[in-house]
Each structure stands twice: as structure tokens, then as C-alpha cells.
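We just call them A, B, C, D and E in the order they show up, numbering each chain from 1.
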Amino acid sequence: MIEPNLTEFGTVLIFILGAITFVSVGLIAASIIRPKKPNYEKLTTYESGEETIGTAWGQFNIKFYIVAIIFLLFEVEIIYLFPWAVIFGDQELIQGTDYTWAWFAITEMFIFIFILALGLAYAWRKGYLDWVKPVNRVSDFKSPIPAEAYQKYKD
Amino acid sequence: MYAFLFFLNFVLIYTIFAVYAERKISAFIQDRYGPMETGPYGLLQTVADLLKLLQKEDIVPLAADKRIFKVAPLIIFTSVFAGFAVLPLTSDFGGSQIETGIFYLLAIVSLDVIGILMAGWGSNSKYALLGAMRSVAQIISYEIPLGLSVVCVIMVSQSLNLQEIVYQQGIFINAIDPNAQNFLFGIKALGIETTHIGGFLTWNIFRIPFFFLAYLIFFIASLAEANRAPFDIPIAESELVAGFHVEYSGFRWAMIMLSEYGMMLLISFLGAILFWGGWNTPLPNIGSVALADWTSGEPGTIAGHLWGAFWLVSKALLTVGLQIWIRWTYPRLRLDQLMNLSWKYLTPGAIILVLVSALWRLLMI
Amino acid sequence: MPLNTILLLGAALFCIGLAVVVTRKNAIAVLIGIELMLNAANLNLVAFSRFDAVELQGQIFALFVITVAAAEAAVALAIVIKVYQHFQTANLDKINELKG
Amino acid sequence: MLLQSNMALGLKEQIQGISADIAWLAPEITLVITAVLLLIYDLIFKENKSVGLAAIAFVGMAFSLALLIAGWGNVEGDRMLMGGMLRLDGAAIYLRALFSIGGMIGLVMMLRCKQKEKFFKSSETLLLFFGLVLGTFLMTMSINFLMVYVAIELVSICSYVLTGLFKSKRNSEAAMKYLLFGAVASAVMIYGMSWLYGFTGTLDFTSTAFAEGISQVAILPLSLALIMTIGGFVFKLGAFPFHIWSPDVYEASPTPIVAIFSSLPKLAALAILFRFVANLDITIIDWQIWLGIIAIASMTVGNFSALWQKDVKRMLAYSSIAHAGFLLVGVLAFSESGSTSALFYGSIYLLMNFGAFFLVQLFENNEGKTSFDVFKGMGSKVPYLGVLLLIVMISLTGLPPMAGFNAKLYIFSSLWESWQTVDSSILIWVLIFGLLNTVVSLFFYLKIPYYMFFKTREEVENPVIGSLTDKILGTILVAPLLLLFFKSDWLLNVLNSINFAL
Amino acid sequence: MIENLLTYIIFTPLLGALVVLFLPQSKTSSFKWVALGALGVTLVLSVLAVTSFDASVEGLTNSEDQLQMVDKAEWFSVELGSLGKFSVDYFVGVDGLNLSLLLLAAIVLFIGAISSFGIKQKQKGYFGLYLLLSTSVLGCFVALDFFLFYLFFEFMLLPMYFLIGIWGGPKREYAAIKFFLYTLVGSILILIVMIGLYNSVYDPVKTGMEAGVIENVLEASPDMISSIQYAVQAGQMESENIVKSFNMISMADDANYLPDSFLGKNSYGEIFGQSARWMAFLALLIGFAIKLPAFPFHTWLPDAHVEAPTAVSVVLAGILLKIGGYGIIRTAFSFFPDSAFHYSWLIGFFGLFSILYGAMNALAQKDLKRLIAYSSVSHMGFVLLGLAAMTVEGVTGAIYQMFSHGLISSMLFLLVGVLYDRTHDRGIENYGGLASKMPKFTILITIAFFASLGLPGFSGFIAELMVFIGAFKSSTVIGAIPYWMPVVATLGLVLGAGYYLWTLQRMFFGKFWVKDKAWREVLVDLNAREYVMLVPLVILIIWFGIYPATLLDLINNSVEGFTQLLILSVE
């Protein structure tokens, strides 16, 4: 390698630290040259000119949580896929055990993935995956384009 | 160290031109001129913008949660930029060589979700928060197919080390594993050895033909990861103004934009490395016409560096161009369509691909 | 990195987690504390698994702990949401219908 | 590369061994397949799936039971499965058979429950139920910390969801409390395990390496680690320091689920505890002090808090805590007789518990609640069920002529024996406290017969409690309690043919 | 027939209970007749047992040879891990110690059944439970296997609990649970000792069979047994051959204690620094003293008596209390004679205190039934005193006292029941000069009172007399209790005379007066049914008062053997 005095993770560390330093240096530099004249109007929250009502920190559509939960499970399953993926097809092991290893590993993982897919199927079937669709109100505006022309873009 | 400096500067310069390119291409697609004033053909436009951004006032809204608001851009940029740390630029030059390269990359990049959420939450604005939530939901949903499609590649190449993966896709395969061989379509039974033919024939995407599908999934997912149109509802200008970074201004805003473009580049690099042979030349050796040897120097030599960098960067930039093109061509997906695409089409598809590539791997030995 | 430092770090994490669990009233905070404790255990496991390099039981164990923790977190999230719908709060002191 | 190539050497045999082991795990596999079938069935059909789901569940459970009974004969000694992860011995088979019987009874209870669509409308409940049973199965066999942890968590998570699954305020609250306690307990356990792993370098706590490893560790850290680890087991056992969750959970959850909670995981945890302490040298740490204190505390706390409960299920929850204490007595006897009598006690306890909950559910079906008033004056209205309930309660108290008495007699005999040999005064205290607790427990166990036979009430003319089927089922559940008092040697001889990990 | 006699005696009532259970609810009137019939059969059988009892058999009470009508069969035998084998037998038999009490039980139960005819509500349940109670009581007296004994002893509680709790007076629930808990505490103590005992005692015959020394029980000749015992004592017997046993008779023989056993005579096991045998003895003593009841543990008795329906309190006073005394004789004294000697002063003291305390309480009572209840406490004190004396006369007196008190107290409670049936009031102050209104009743109650206060000519006199003789001799013969104890105990007699005569004077003599006008009509004299239950008792009381030999001859040899055992252990 080019930097023999660094471990591989050292390099990674350099990238991370470097990024941080770059940003902070930039910020400092900017703070030197940039003006600072705050006033109330400037510091209000932007809502296209409307007066903000209340705070934004409230509850969300439950769907967000559900997506989060499903993601969590899948991501965690992928943890197991990675170690398996790098070893199951290993030439020495497969030839050393004349394919017993390969078939064993693959069967195991297929069962695993099958159950995983079953979970997805469950979420799908029970309708946890379909997002609330916006109701489309037909406006009274008479446009030259016939309404059904839009139809194929909706849903 | 050098890799760091290289990538930092590379990202910066690239961003300047990417923004310019974006505006020009959009203008071209929408039949306009685009920036013309600053410099010839407005070439210096982005530089001017950058300078302007540097001296813009940094506004932190009163309602915002100050600390979170200020830290967010830092986290976003860092997490994206740290992704570059494991990219092999050429046969012998690149970031770190850690054995778990790709795994690390996926992990560190998915950290920017946190940054985005912080940005949205911290700025305590309804637009920002909505944007953040959407963006998070979108990113995590598309992380699954992305990860699975990456797993396909890993299963075939039996390694997490990007450099190793790249080596396998070219004529220098034996440099890492002396008795490794490549076969046409990876099927040993065909008996057509392509180890020394190299070129595009040994790229993953040609070695395992159905990797075209894998790459398709990968590419779509990567678009969503980078919040690019048609998956840009988080920053949908027309409804959320600018999504999670609506409250940002000045240098912090610049950082966010920078990391967005950086993300594009990173994803393109990754795609090129995993599927399109990385720094390997596309030209095969045909008998005595050793195009591959001519267009790629021995590892370690200057030629090797130059050729490698050339091929990889050009592949990546092409992908970026493709992304820009798509952005200005397709309409934005609605949130439910977005979710459906991810969960109901890409994920099952990716799962099937994983199974198929597992079997394919057995054909290869 | 010497073993002791890792173990100390783990112990510190564990204690912090325990303290959070004991002191905080918010269910989410308690869950975070629990995650800290689990990760302390993971640190230990990985650190110790240096000593059986062949089987790496510790690392595998850590992997499983992570998984199970994630599953637990998922369930916990779901339950907390449910509780929130019923009680309009995640404060554990406020959630006491069952007594006896 | 080098590493892998010499990995390849024994690998093939290893794989073939593991594939051979699968035959021994047929019951577990049956459970998994059943669960999967349930899910698929649920996903395929849209409407009125109850019958199909119930059928699948029953068949699966029955099949696993049949497999176990078939496997009873041909297990020779111990047998390591899955590369030393699991250990199959007589105790494991016996307990699993017991559990699948319990599972059957649980399913029957679900069927006899008033709002049975709660369980059979869709597959979730059954799915989790099977997951729970599977977890308990694995718990009985695991001798590896990793396996123990996974099994325990499988049980726990299924329990959490089962508790919170039903749409009510109390369910969600109970589920959250359960989850928080459980998560903390398991975190503590894991931390302890990690230390033990560090001390010994192995996760297999029945291996000699483990025993040697801990014999070299300083007393303080070792005891800390061990206590942390055992804390996790004790949580599943529902004994003293980690019992707080159970009353709320029991009160909130539907009765069949509670019946399962209160029996299967407890006994499974007991099995783990046995396997764990079996390999620990008493001379290193004085176990009997710790376990004795836990046992005494569980018995006393459980019984005394049960005294002023107004809800029967809550009362039974506390009684189950007390019984956990009694089960621990078998552990701290540290003798073969201790384990045998603990198994005996456990089996009887399972029967008693299911009987109690089954009968209570019959009354719950009638009035929709389980406060003691439900039983007012029922003795004259439904005398037969009343007598059955009386028998169960007497058995829970541990008086002759019910099997509960034999259970207590044997378990305390083994305690006495080990006290004669070891002569540590904690044991005699446990003995005295345990037996005096019987007196305390009489108060609340007799409360139900008291309400049934002594109290009277007018408003209910002729309540519809218990069809003929229920009466028959109740009899089937209660009859063993009488039978095993008069011929307790039948069960004991079976248990004697089991060699526990001692 | 004769060898299974006891079995028939025990299980006839159970059979009756089953009949009652399966009779349809409609046949309400039939239940009482079933009960009466069953208990009548029992009575006849037990009389048969008494007549066919061979009084000439001698021998120490720790040998099975002197038992009669033995019915022995293996119930179950199990192997409990390292605890080794132990076997539980169905083992019943009589000797002088329990024969009289068996008879007593049969009589009192029968009469109780007659008096239960007054029960009007829930007859099915009542008579079913009553018959169950009878079974367990009878079984308790004849069971010679500790497990069996304990089964009957515990099972007694349930029917009693329900009988008091459902058919009792206003405060019945409280009384029932109190009774249940007190006795349960006692039986827990007994259980602890039982566990300890069967862990230390082995059965020589079974051990021999296990070891293959002998083929079957018939070969077990005494010298063979003793050789086996020698082998075990010398530690030559393999531990896996040793069969532990619940046999109460072998428990009384030191040779049957395992050499290293905890409660063995020459092994010095300790609990809390005390000799294990002493502690075990105390546990047993307290356990049965609660049942007896002796002084500090008696408080359940008045409540139970007052709240229980007449028949039940008859059974309670007539039999259940005796089980306490019998238990002390059969277990505590027989198993741990040395400890008994060591604690005899304590037992004597308890006895003494019960006598005085009971009597004084009786003086203070306003409720006639309570008064009689406390008088029972006082009389049971004599039993303890007699036992503490550890002399032949003392023990004989104790048993005789139990027998006679069984008869007398039943009669007293029946009489109170008679009064209560009429006015539903038992207040002593609420009556006056009943003699003029119901003379026959007065005569009977006078007889009962005099019998109870120990007037010569009644059975009570003989009993107390023998107790006193034994107690006086004790200090010289064996030195169990000091001289002053019986002296002070005589005070009890005086007090007894006091409260009885005073009550008599207050309630029956003088001019007729009752609290409530309405009672004037209801207060009629005895009817036929009441005669049927009372007259036999009167006859019995007088018979045993003037011709005690009837009973003494039966029990003498066994008592000799028993005291022999005690004295042997003291030297």
C-alpha cells in the first residue's frame, strides 16, 4: 500500500476525520466572511409566508413506524446473508466435501430466506405495505383534456 | 492519505461540474439555454454560486433545536464521504483495503439517514419534518433491495473486499488467486475459458447474465438512496419546497447539496465496481489482438494507474449522467407508488435473484 | 487495543444503561438503556472471542444478540405505539391501570 | 485460506452428523412446519378460517407429541445434537412430552374459551403460541449459552406479543411492563454470560472446560457473573426478584394464554437451571444460600401477596410465584432425588395449573370477569364443577389426598436428605418456611371454595356454566391429581428412568 | 372376616358416603337413614372387634406381634433418586392403645348420626361429609402406617371445615377457617417430623426381601429380623437394598433406625443446637397438643364448638380431641421416649395449666356450650398429666379419661343441643328453674354434670383417680414429674365442681324464668329421638363408672408394654 504506516482501518479513520475537519474548517472560514444580522422575521420558521401554528414535533402517520419495523427485521436478516454469502461457495470447502457443504449451506439459507419471504408475504397480504392513497377530488375546472386521460397516471 | 486528498478534491471538483452539467442538461432537455452569463457558456456559474454560498448568512430558526440543527449537515456529509474510503480507484490505488469493504460502505452510508432525520427534526418546520420522514422511509425501504442485490454479487465473488471483486472481473484475476479461472457466463460446463480474454466478458454483469436485472434493481434503489428524481418526494420542490433542508442556508446548505451529489457519485462508483468491472477495461483480448492488455497497464505501473482511473471514472460519470438524464425525464412517484415499487416488486425480485445466484455460483466451480 | 480497556468500556456502558433504565421514566428511554446494556455484553463477547480464534463463538453470539435485540426493539416499538394510543403518554408512571 | 482448507477436513462428517441429528429434532421441526402451514393457510384463505386453523394446530401438536412418545424408547443415554448445541436426554424428552401435552390442553382451552374467534380468527395467536412452545422445547435441551439465549428470547418475545396482541388498554400496559422487565432481565443475563464466556473460553456450560475455567476465577467477579446469568433464568421461572411482571400479565391476558405462561416457560427455565447448576461445584460458591434465599423469598412474597387479591387470575399468578419457589427447592437440594422430585412437582404443578385455569375459565365464560364474586354461591348451582375446583385448590395447597401433597412431600424429603448430608442451616430454614407457607396459602386457595359453598347469592337463578364436554374435560384434568396421590409410584418410576444432567 | 375387620370398619362409612352421593337429590329423607345404617354397621363391627380382641397378648408396643386384626398390604413403594427406596403400606391393626378409642369413635359417630336428624337443609351434602368424616376418624385410630395416618389425619379437616362452615352458627366461617388453620399448623409440624423419620427408619422385612435374604414376609422370623437389623446397624447392608418405611411400629424400635440416621437414638443430629430428637418430639407434641387441645393452643376450640352444629360438636369433642391424645401416645411418646422423659415436666406443666386454665375459663362463661368446651380443655389436661407421669396408672388413666370424656362430653353437647333446638339460645343467664318445666332433661343433665366433674360411680371418676395415682407415684417410680403437680391439679376438680354446680343452680333450680316469653311454649321435655341418643350414653357412663374392668382388661397389657418401653428408654 501507499501508506505502510497506517492500518486499513486507520485509512478509514482518516476519511472520517478528514471529512469532519473539512466541514468544520469550511464552517469557520464561512463564519469569518459571512455577515450575521439576525432579526425576528429572518428567524421565523418558513411556511411559504404563512404564520406557523404550533410546533412540527407531533405524531406521524403510523405507516412510517410500520415501515421502520419491517425494515428493521429485513435489515437484520441481511446480517446473516453476508457472512453466509462469502463462505457458502468457497472452492476449497466445496471440493473438500464434494458438494455436501454447498448443498447443506444452500438448503439452510433457502429455508431461512423462505421464512423471511413468508414474513414479507404476511405483511403484504395483511395490507401493511399499501400506503394510504390520496383521495382524488374531481375539480370543477373544465379543462380541454378529457378526465379519463389522467386516469392512467393515477395509481 | 493520498487517497483521502484525491477523493476530497475529486468530489469537490466533480460537484461543481455536476451541478453545472445538471443545469445544462435540464436546460437542453427543456429546450432552454441554462446558465450563460458567468464565464464562457456559464462555465463559472457554479463557482460563483459556491463563493456566494460561503458568504451567505447562516440562519438558524428560533424554533429550531439548535444543536441538532447545526450538527446535522456534518453527519450527512461525513457519512457519505466516509463511503469513499473503501473504493479502489485503480488496480493499485484506492482507499482502505479492509476485508469487509462493501459491508462497511453500506453501513456507513446508511448513517446519513440519521443526519437527514436530525436535519428535519432539528429545524422544527413542518415541511422539513415531512420531508425528513419521507426521505427516511424511502431510504430504508430501498436499502433492502440494494443490500440484496449487493449480496448477489458477493455470493458470486465470495469476497467483501471491493478491490478483490474488481480483480476477479478482469485479466489480472490471477494476481490475487493464482489458480482462479473465468469462464464464459461463469458456466464451467461450457468450457470456454475467458480468464485471459478479459474485457467486458469477465465483468460480473456479463459473467452472470441475469445480473442485468440485479443491476437494474441496484440502480433504481441507488436513485432512491440518493433522493434523486423520480424518487425525490423528500425534497419535492413543488410541495415541500426543499424538504428536509428547507431551513438551511449558506455553507450548511452547501454541505447538504455537496453530500447529495457525493452520494450520486459514490453510488455510481459502487455500481461500476460491482457490476461493470471497476477499473477493468471493456476491451477483450481477441486472439493476437490483445486489446485488453493494451488498454490496461500492469498493476502498480503508471500506465496501470492511469488506465484504471480512466476506465473507472468514465464509467462512474456515465452513470451520473444517466441519473441526471432520468431526473429530467421521468415524473415524480407518489409515496404509495414508491413504497409499492420497493416492497412489492424490487424486494421479492431481489430475493429471487439471491436464490438464483446461489445456484449459479455452483455452476462456476 | 488492550483487553482491559474494552472490558472497562463495556462495564461503563452497562452501568450507564442500567442507570438509564432505573432512572428514566420514558419507555423509549428505558429501551435505549436496555440497548446500551446489550451492546455492553456484545463488546465483552467480541473482546473475549479473540481468545478462541477458531470458533469465534463470541462474535457469533454477538451477532445473534444484535438480531434478537432488533426483534425485541421491533416488538417494543409496536407495543409502545399501542400504549401511546391508549394512554396518550409513554411515561411509565402514568401507565398503571393494573393494580392489586 | 489455510484456515479454511483444514476446516474442510472434518467438515463433511460434521455436516453429515448434523443432518443425522435432524431426525432427533423431528418434534421441533413438526412444530415449525405446523406454524408455517398455519401462516400459509391464513394467507391463502380470506374468510372463516377458524376450523382449518384449529385442525392444523391440533394435528401438529398431536403429531409432535406422538413423535416424542415414540422417541421415548429409543434414546440411549445422552446425545449431543447440532454439534454440541443441544443435549437430548430422558429429561428433555419427558419435559417436551409434558409441554406438548400442555400445549394440547392450551389449545383445548382456547376452543372452550367464550370468545374463541380471538384465537382462531386469524393465525397470529396460534403462530406465536407455537413459537412459544418451540422455544420451551429448545430450552429443555440447550446446554450452550447461545442456544439458551435464543430459546429464552424466542419464548419471551412470543410471550410479549401474545400479551399485547389483544385490543385493550390493559393488554398493552401488561405487555409493556412484561417487555421492559424481560428485556432488562435478558440484558443482565447476557452480560453475565459474556463474562462467563470470558472466564472459560467456551459457551458450553456442561463441558469440563467450563467447570475448570470457573474454578480458577476470583470469587467476587465469578459470583457476580453467575448471579447475573441466573437472574435471567429466574425471570423466566417467575421467581422472586423478577416476579413483578407476572400478576399484571396474568390479569390482562386471556386465560388459555395465562395457563401456558404459568406452566411451560417455568418448567423449561427449571430445566435450564438444573443443567446449569449441575456442572457448578458447590464448593466454589455456596449456591444453596442464594437459591435458598430466592426460594424462601418467592414462596413468602408470592403467598402473602396472594392473600389480598380480588381477582382469581391475579391470585393464581402470585401462587405460581410461590410454586416457583417450591420448584427451586428441588434445585437447591443438589441431588438426584432433588431433580426427580422437582420433575414430579413440575408435572403435578402443570396439571394443577391447567386444571385451575380451565375451571376458572368456565366461570369466566359465564360472567366475563374473574373476580371472586363470580364464584359466589356457585357451589349449589354447579356442584360438580365446584367439587373439581375444590380438588384442584386442595392440591395446590398441597394437602392429602391430592397429588400436590406427594409433590411437596417428595421435594421436601429430598431437601431434608441434602440437609442431612450438607448440613447448611439455610436448608432447614427453607424447609420450615416452605411448609409454613402451605398454611398461608391455605387462606387464599380456600377462598374459592369458601365463596362457592359458604356464600350465597340470589340474582343468578341457573347459570349456564360448563357443558357436558367441559365437565368431562375437567374430570380428565383433575382425575390424575387424585390418582397420582394414591399411586404416585407410577409417575415416579417413569421419572426414575430419566437421568438428569446430574 | 376377622383379619379384614378393621378395613370393613373404616370403609363402611365411605361406602355409605358413595351411596349418598349417587342417590338422587329428590330422595332427601333417605340420606339420614343411609348414614345411620352405615354407622350402625360400623358400630356392630367395632363391637365385634372388641369382643374378638385377645386381651391376654403381651409385649412391647414397638413389636408387631402384639398387634391384632392386622391388615397389611403394600400400598406403593418408590425409589426417589439418592433418597433410596421407601415403601408405604396400607397397615391397620389394634392393640390396647387404640382399641378403646375405636370403640368410642364408633359409638359417638352413631349417636352423632342420630342427633343429625335435626338437620333440615342440604341434607345430601351434610350426610355425605359426615360419613367421610367418620371414615377418616376411624381410619386415624387404626392406621399404623404414618403416611396412612397422616392421610386420615389431614383429610379429617376438609369435611369438618365444611360441616362447621356451612351448617354452623352465625360466626361459622370464622370458626371453620380458624379450626382449619390451627390444625394445619399442627399437621405441618407433624409432616416435618414424618419426613425426618421415614428418612431415618427402615423396614427390616422389606430390606431383607430386597437384599434377597428372605423370600417373602412369612419367612421373617424374629431372629431373622434381628439378624437383618444387626447387619444394617453394622453397616453391612448395601445402601441400595435398604427400604425406608413409614411403619409407626418399627419407628418405635431403636433397632430400626439407620446407623447414621438423623433421628436415630444414638446419633446426635442437631437442629438449632438442640438435639434433633428433642426438637422432633416437641414438634410432634405441639402438633397433637393443638388437636388435643392443650393450654396455649386451645383457642380454636371454643369457637369451633360454639359455631358447629350439635352433631358436629359432639364428634369434635367426643373423638377429634382424642386423636390428639392418641397421637401423642402412639407417635411422640413411642418414637422418642427419651425425649418424652426429658420433657415430661413440660408436658405435665402444660397439662396442669390446661386443667386450671380451662376450669377457670369455664367458670367465667355465659354460654353453656362455651362452658362445656372449656371444661373439655380442662379434662384433656388430665390426659396430658397422666401421660407425663409415665407410669402404668397414669397412662391407663389418660386413655380411660379420653374414653370417658368422649362419652360424657358427647352427652353434654347433645343436651345443650336439645336446649338449643328449642330456643336457639344458650345463654346461661337467660334461663332459670328449668327443672320445673322439663324435669327429665334436668335429670339427665345433672347426671352428665356429675359424671363430668368426676363424682364416684361415673366413668370420669375412675379416669381422674387413676391419673392422680399415676401422677403421685411418678416422682417415686420414674421421676418424670414432681410431686406438687398432681397436688395443684386437684384444684381443677374443685373448680370443676364449682362451675358445674353453679350452672346447675343458676339454670335449673329456683323458680322458672326465661328471658323470652315465647320460650315458655317451646320448652317441652325430651322426645323419643333424644332419649334414643342420650340413654345409651348414660348407661355406658355409669357402666364404666362402676365396672371399669371391662375396659381396663382390654388395655392393660398394651399399657404395660408401652410404659415398659418408656422405662427401658430411661435407663
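Quick note on the criterion: a contact is a pair of C-beta atoms (placed from the backbone, for glycine too) under 8 Å apart; a residue touches a chain by one contact, two chains touch by 3 or more.
Note that the structure is a prediction, hence the values are computed from the model and not measured.
**Student:** What are the chains that subunit D and subunit E both touch?
**Tutor:** Neighbours common to subunit D and subunit E are absent.
**Student:** Indicate the lowest number of steps between subunit B and subunit C, counting one step per move to a touching chain.
**Tutor:** Counted as steps through touching chains, the separation is 2.
**Student:** Look at all chain centres (mean of CA atoms) and spot the one farthest from the centre of subunit C.
**Tutor:** Comparing chain centres, E lies farthest from subunit C.
**Student:** Which one of the chains is closest to the middle, using the mean of its C-alpha atoms?
**Tutor:** Of the chains present, the most centrally placed is D.
**Student:** Please indicate which chain is farthest from subunit D, where distance is taken between mean Cα coordinates of the chains.
**Tutor:** Comparing chain centres, B lies farthest from subunit D.
**Student:** What pair of chains is linked by the largest number of C-beta pairs in contact?
**Tutor:** Summing C-beta contacts for every pairing gives the maximum at A-B.
**Student:** How far is the middle of subunit B from the middle of subunit E, if each middle is the mean of its Cα atoms, in Å?
**Tutor:** Inter-chain centre distance comes to 95 Å.
**Student:** Compute the distance, rounded to whole Å, between the mean C-alpha positions of subunit A and subunit E.
**Tutor:** 83
**Student:** Would you kindly tell me how far, in whole Å, the mean C-alpha position of subunit D lies from that of subunit A?
**Tutor:** Between these chains, centre-to-centre, one finds 42 Å.
**Student:** When the centre of a chain is set as the mean of its C-alpha atoms, what distance in Å lies between subunit A and subunit C?
**Tutor:** One centre to the other, that is 23 Å.
**Student:** Give me the residues of subunit C that touch two or more other chains.
**Tutor:** Within subunit C, residues 71, 78 contact more than one other chain.
**Student:** Which residue numbers or ranges of subunit B touch two or more of the other chains?
**Tutor:** Counting only residues that touch two or more other chains, subunit B contributes none.
**Student:** I need the residues of subunit A touching at least two other chains; which ones are they?
**Tutor:** 68, 75, 90
**Student:** Name the touching chain pairs, please: which are they?
**Tutor:** Pairs satisfying the touch definition: A-B, A-C, A-D, C-D, D-E.
**Student:** Touching subunit C in the complex: which residues of subunit D?
**Tutor:** It comes out as residues 145-146, 149-150, 153, 157, 160-161, 164, 169-170, 172-177, 179-180, 183-184, 186-188, 190-191, 193-195, 197-198, 201-203, 247-248, 251-252, 309-311, 314.
**Student:** Which bits of subunit D are touching subunit E when the two form their complex?
**Tutor:** 335-341, 380, 394, 399-401, 405, 409-410, 412-414, 416-417, 420, 425, 428, 431-432, 435-436, 438-439, 442-443, 446, 450, 453-454, 486-489, 492-493, 496
**Student:** Would you pull the subunit C residues touching subunit D in the complex into a rising list?
**Tutor:** Contact set of subunit C toward subunit D: 7, 10, 14, 17, 21, 27, 30-31, 34, 37-38, 40-42, 44-45, 47-49, 51-52, 57-58, 60-61, 64-65, 68, 71-72, 75-76, 78-80, 82-83, 85-87, 92, 95-98, 100.
**Student:** Residues of subunit B touching subunit A in their complex?
**Tutor:** Contacts found on subunit B: 1-4, 7-8, 54-64, 73-74, 77-78, 81-82, 84-86, 93, 95-98, 103-104, 121, 123-129, 133, 136-137, 140-141, 143-144, 147-148, 151, 154-156, 158-160, 241, 246-247, 250-252, 254-255, 331, 334-337, 339-340, 343-344, 347-348, 351, 354-355, 358-359, 361-362, 364-365.
**Student:** In the complex of these two chains, what residues of subunit A are touching subunit B?
**Tutor:** Touching subunit B: residues 1-3, 6, 8-12, 14-16, 18-20, 22-24, 26-27, 29-31, 33-38, 40, 42-48, 52, 55-57, 60, 63-64, 67-68, 70-71, 74-75, 78, 81-82, 85-91, 94-95, 99, 102, 106, 109-110, 113, 116-117, 120, 123-124, 129-134, 153, 155 of subunit A.
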